[in-house]
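What follows are several structures.
Both complexes below contain chain A, partnered by chain B and then by chain C.
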Partner chain A sequence: MVTIDCLDKDYKEVCDLVRSSQDSDIKLKNVVGQRYIAAGIGGKNIKIEGVPGNALGAYMDGSNIEVMASVQDAVGDTMNEGKIIVHGSSGDATGYAMRGGKIYINGDAGYRTGIHMKAYKEKFPVIIIGGKVGSFLGEYMAGGILVVLNLAGNKDIVGNFTGVGMHGGKIFLRAKEITSPLPPQVKCEDASEEDLKELETYLVEYAKDFNLNEKNIMDEHFFVLKPNSANPYKRLYTAN
Partner chain B sequence: MAINFIEPLYEVVRNQDRCIKCRVCENQCSNEVHRYDSDLKVMLSDETKCVNCHRCVALCPTKALKIVKSDNCFKENANWTQANMTSIYKQADTAGVLLSSMGNPEPLPVYWDKILINASQVTNPPIDPLREPMETRTFLGAKPKDIVKDKSGNIVNNLPPQLELSTPIMFSAMSYGSISYNAHESLARAATELGILYNTGEGGLHEDFYKYGPNTIVQVASGRFGVNKDFLNTGAAIEIKMGQGAKPGIGGHLPGQKVTADVSKTRMIPEGSDAISPAPHHDIYSIEDLRQLVYSLKEASDYKKPVIVKIAAVHNVAVIASGIARSGADIIAIDGFRGGTGAAPTRIRDNVGIPIELALATVDKRLRDEGIRDNVSLVVGGSIRSSADVVKAIALGADACYIATGALLALGCHLCRSCHLGRCNWGIATQRPDLTKRLNPDVGSQRLVNLIEAWTHEIKEMMGGMGINSIEALRGNRLMLRGVGLTEKELEILGIKHAGE
Partner chain C sequence: MLEGQFRNPSGCAVAAMISTKGRTFSGEDIIKSIAVMHDRSNGLGGGFAGYGIYPEYKDYYAFHVFYTDSIAKKQCEEFIETYYDIVNLSKVPTRQIKEITDAPLIWRYFVTPLKTKLDAAQLSEEEYVIRSVFKINTQIDGAYIFSSGKNMGVFKAVGFPEDVGRFYMLENYEGYSFTAHGRYPTNTPGWWGGAHPFSLLDLSVVHNGEISSYDANRRAMEMYGYKCTLQTDTEVITYILDYLTRRKGLTLEESAGVIAAPFWETIARMPKDQRDKETYLRNVFSSQLITGPFSIIVGFKDGLMALNDRLKLRSMVIAEKDDMKFIASEESAIRRICKDATNVYYPKGGEPVIIRLEKGVQ
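Moving on to the complex of A and B:
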């Protein structure tokens, strides 16, 4: 494993070193807000000490990243494949338009988590948030799975406008009740056995990554949010 | 049955003496206007379905057909026009948002037509492009401010990535989905042959067209359809779509019925699913956020590709462009309010945005005043209709022009403005296999090559007339332009004098 000390290095230098590294196992230490780390990169295993800047792993194509602290905005923007594990919390627009791979956050996530997420054939994105999230969770969501666990048991698990414009995919919320209003595009049900079975495979992995007890996580009520129709705007227009 | 208040706008006039009842019109019309009555042994038409695309007229072997404007009319009213009344009827019937296609057809001013080009006479004589070399080659991208030398005095290459065009014209963004596979193939092949670029639009890049990568601009919009590492690295440049002239402030929405198996593969979304690309990029709320997207794309493509930011021409376009020029973008594309679209809400298309001529003039001036004009190249589109429009745009300060409606016309489009119906009889704005096969890419690409070669020759003629032998010397050369019939204010914004001055 190669270790890169990021102290006093700007983002371009750090990103160049990551990109050109011959060793696929990389440890970045003293990271202080450098952006775009591992953008578009595949085949690398990167461990990050410190807080990376915005757009960590944007367009990422099959690398694995483990961040020991928190991350900023736009983690995994348009990510195609790979995995990002964050031991702290993440900022806004986590997993924007993500198409494949996994983002597991131990803490909370900001606004607009998993918006525009989409699935296609073998590409299937999964985001799991251990804490709570801000407003606009899964806005315009078209595919994949978004999970909010609220392990700390906060009163409000999500903010406002959850799933606005959603037309595919599933959102799982681990809660006894949902206190925030949901938009008409979203259908909220108790998760079925089948839903829970699908969820469990990912939660087993999540629990292992953060050294949590998977049983404690599953042993709680889950809601599943699905779109009301695959074509939410179908009846909006008149040919002129 | 409820009364239908909507009356046909056109009449299909059939000369029965010439009609041989071959039924070509019937077979060609996807709108099902024509039918054969076997009892009466005549061809009949249902004009309520006609969109006036002229497919039947063009293919009628005996020239028996013509489409004329119906003289059937409501009581004349300059305020409540037939179009205004019909819109009310349609919306009262359906409760829908009116949806239209192609550029704004309203009689708003076209400034190109009020600008005239100069020519040399006695001094600084004209140049004959048939006899002397004439340079139309154009490089797009940020230009360095300083020459940097290393310790031993050698010049350091600090030139950011550039796009090289043989002529200052490119085909602007039209997605696979909004237009057909054969239309895309025609554009890609023509761009390659001409040494210019075409643009994927926001629908991803079909795997068959990766080979045209060096002549392709790949587009990234808010929905990120088909965007992945290979896509970003295949194109010659990456365009971030922030706005579109036909529908500023409105996003893209490809209805599920147009997301066929092949379109689904290219966009990387399931078949039959709506493809929604809203106007806001919900990760961009400031120039700083835009900068983040610009640089994340540069990082993902190793700083080898210029990044274009495309915006619609709106009221504060100069300020917006100034911000973009500081965001790290290499090229700004501005789309005027007459720009085309495969579908846009009618009211937006016809009432939002400003003319490209004014937007271009004001942006170029603003960037020059702020000393940041060299940070970016300017590409303008939104109804560039001829080589004269190109010359005027370049003299107003553009580095190159985007054309799309013009390119579709070259492919056979007749501007019936019904793309949103998905039944294009010319095989362009449709995904129906029986219709798309009507556009032959061999013929289509050749027609596009012909058009651009003809325009390039005309551009050279006009440059020669002005005594200019390089497109560089025309760029921003507003002294070569004069306005005619324009107000003081219009001349001030355009930065040109009135004819006679």
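Moving on to the complex of A and C:
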């Protein structure tokens, strides 16, 4: 594993070093706000100490990133493949327009998590948030899975406008009740056995990544949000 | 994080730090903090506000003035001498660096209104000062008072914020609270007067975003005598806050409910008392509602307020360590100067975070 000290290096220098590294296992230390780390690249395993800048792993194509601290905005923007593990929290627009791969956050996530997420053939994006999220979760979502676990048991697990304009994919909320208002475009149901089975595969992996007890996570009620088939917005989209 | 930040790889940057115990520290750290977010600016504006920096003149208004030439200076000084007692005047100390060019003349005056003139004007002292500022800024060509508070000062220029800080030798000032801004102007010219913070009396505002309602807000505020002269949308936020807090006596919380008012849909779900209050504020002060993306940090004598637009289209993070509280557009800007800051918090859209000096701190 190669270690790169990022102190006083600007984002271009850091990104170039990551890109040109012969060793695929890279540790970045003293990271402070450098943007675009691992953007667009595949085949690297990157461990990050410190808080990386915006657009971490944007357009990423198959690398693995583990961040020991929190991350900022637009993590995994339009990501294609790979995995991002964050031990802290995440800023706004996490996984924006993501089309493949996984983003696992231990803490909370900000506004607009997973908006415009989509799936196609073998591409299936998954975002799991350990804490709570801000407003506009999964807005215009078209595919994949979004999970909010609320492990700390906060009262409001999501903000306003959850799933507005959603027309594909699923949002799982781990809660006894949902106190925030949901828009008419989503249908909120108790997760079925089939839903839970699908979810479990990912939660087992999530629990392992953060050294949590998987049983404690699964042992709670889950709601699933899907597009409402009586969706008044339906006609706005082309049938295919 | 919506159109502005997706379309555009940059955006302005804001940062602030305060000791709630009123402990003073140099301006060096706030420069380091804002410098982390270098790529959010494009070199067309940077600036700082420092509170508690003029203890020896704390009872005097500190006017910081840009002059384009010595004629403007002469005219402005004649005006100030007519209406004020000037206890000290000097050039604002600067360091010549290659990154900062085309500097205007930058002067500082510690003043107090002449008693006879103030009595004759039949105005409160603050109103008297504000009217002088607007008079000079609108009527004396080439003179701009960009800072007019007591025991505080604004330092701003065209350049990257870290260069602006070095230009003004901010490390030589000791204050208990600082705010900072790095500018990426999108709709308006990058010039010295248009850099942030925008300030009136001891109120200062740094802003990341763009106000869609600017013209409606500007027209409304001009009816109350606030003249927008600086060609930048942020200016009007400062005047709105002065109007709401000083003239109308609203609290900062209430003012936040005016400028980042909750949606009617959200108001409808509130408990009755709160619903009535928010409805009243939205109805009475509808012209002061600010739409469009913004994250602002408001500096005032007793503290700081951080506020996002109600849709939270810009980023903002708060953290703390002992008596220090930090606010920034990005967490990394806080980590750079306080690695082990705790209680990291992301305010919701429209949720004001108000940090005040502890009781009894002067």
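Keep in mind that, in the parts below, the second predicted complex is superposed on the first by the 228 of 240 C-alpha atoms of A that agree within 3 Å, B and C clash if a C-alpha of one lies under 4 Å from a C-alpha of the other, contacts with A are read in each partner's own complex, and residues count from 1 in each chain.
Everything below uses one rule, namely that a residue touches a chain if its C-beta (ideal position, glycine included) is under 8 Å from a C-beta of that chain, and two chains touch if they have at least 3 such contacts.
As the structure is a computational prediction, the values presented were derived from the model and not from experiment.
**Q** Tell me which partner A:159 touches in the superposition: chain B (first), chain C (second), both or neither.
**A** In the superposition, A:159 touches chain C alone.
**Q** Touching A:185 in the superposition: chain B (first), chain C (second), both, neither?
**A** The answer is neither, since A:185 touches no partner chain.
**Q** Considering only the touch criterion stated at the top, classify A:64 as touching first (chain B), second (chain C), both, or neither.
**A** neither
**Q** Which partner does A:91 reach: the first (chain B), the second (chain C), both, or neither?
**A** second
**Q** For A:54, using the defined touch cut-off, is the partner it touches chain B, chain C, both, or neither? Pick first, second, both or neither.
**A** In the superposition, A:54 touches chain B and chain C alike.
**Q** Determine, under the contact definition given at the top, whether A:120 touches first (chain B), second (chain C), both, or neither.
**A** A:120: touches chain B, not chain C.
**Q** Pick one for A:106: touches chain B only (first), chain C only (second), both, or neither.
**A** Neither chain B nor chain C is touched by A:106.
**Q** Could you look at A:73 and tell me whether it touches chain B, chain C, both or neither (first, second, both, neither)?
**A** A:73 contacts both chain B and chain C.
**Q** Looking only at contacts as defined up top, I'd like to know whether chain B or chain C touches more of chain A.
**A** Greater contact footprint in residues on chain A: B.
**Q** Is A:150 touching the first partner chain B, the second partner chain C, both, or neither of them?
**A** neither
**Q** In the superposed arrangement, what residues of chain A touch both chain B and chain C?
**A** 35, 54, 73-74, 92-93, 96, 112
**Q** Which positions of chain A touch chain B when the two form their complex?
**A** Residue positions touching the partner: 15, 19, 35-36, 39-40, 42, 54-55, 58-59, 61, 73-74, 77-78, 80, 92-93, 96-97, 99, 112, 115-116, 118-120, 123, 136, 139-140, 142-143, 165, 167-168, 230-240.
**Q** Any idea which chain C residues touch chain A in the complex?
**A** Residue positions touching the partner: 1-2, 5-6, 36-39, 266, 269, 311-312, 315, 317, 330-333, 335-336, 344, 346, 348-349.
**Q** Going by the contact rule set out above, which residues of chain B touch chain A in the complex?
**A** Going through chain B, the ones touching chain A are 87, 90-91, 93-100, 222-224, 227-229, 232-233, 253, 255-256, 264, 268-270, 272-274, 276, 278, 282-283, 292, 295-297, 299-302, 345-346, 418, 420-421.
**Q** Could you list, by residue number, the parts of chain A that touch chain C in their complex?
**A** Within the complex, chain A contacts chain C at residues 10-11, 32-33, 35, 50-54, 69-70, 72-74, 88-89, 91-93, 96, 108, 110-112, 134-135, 159-160, 181.
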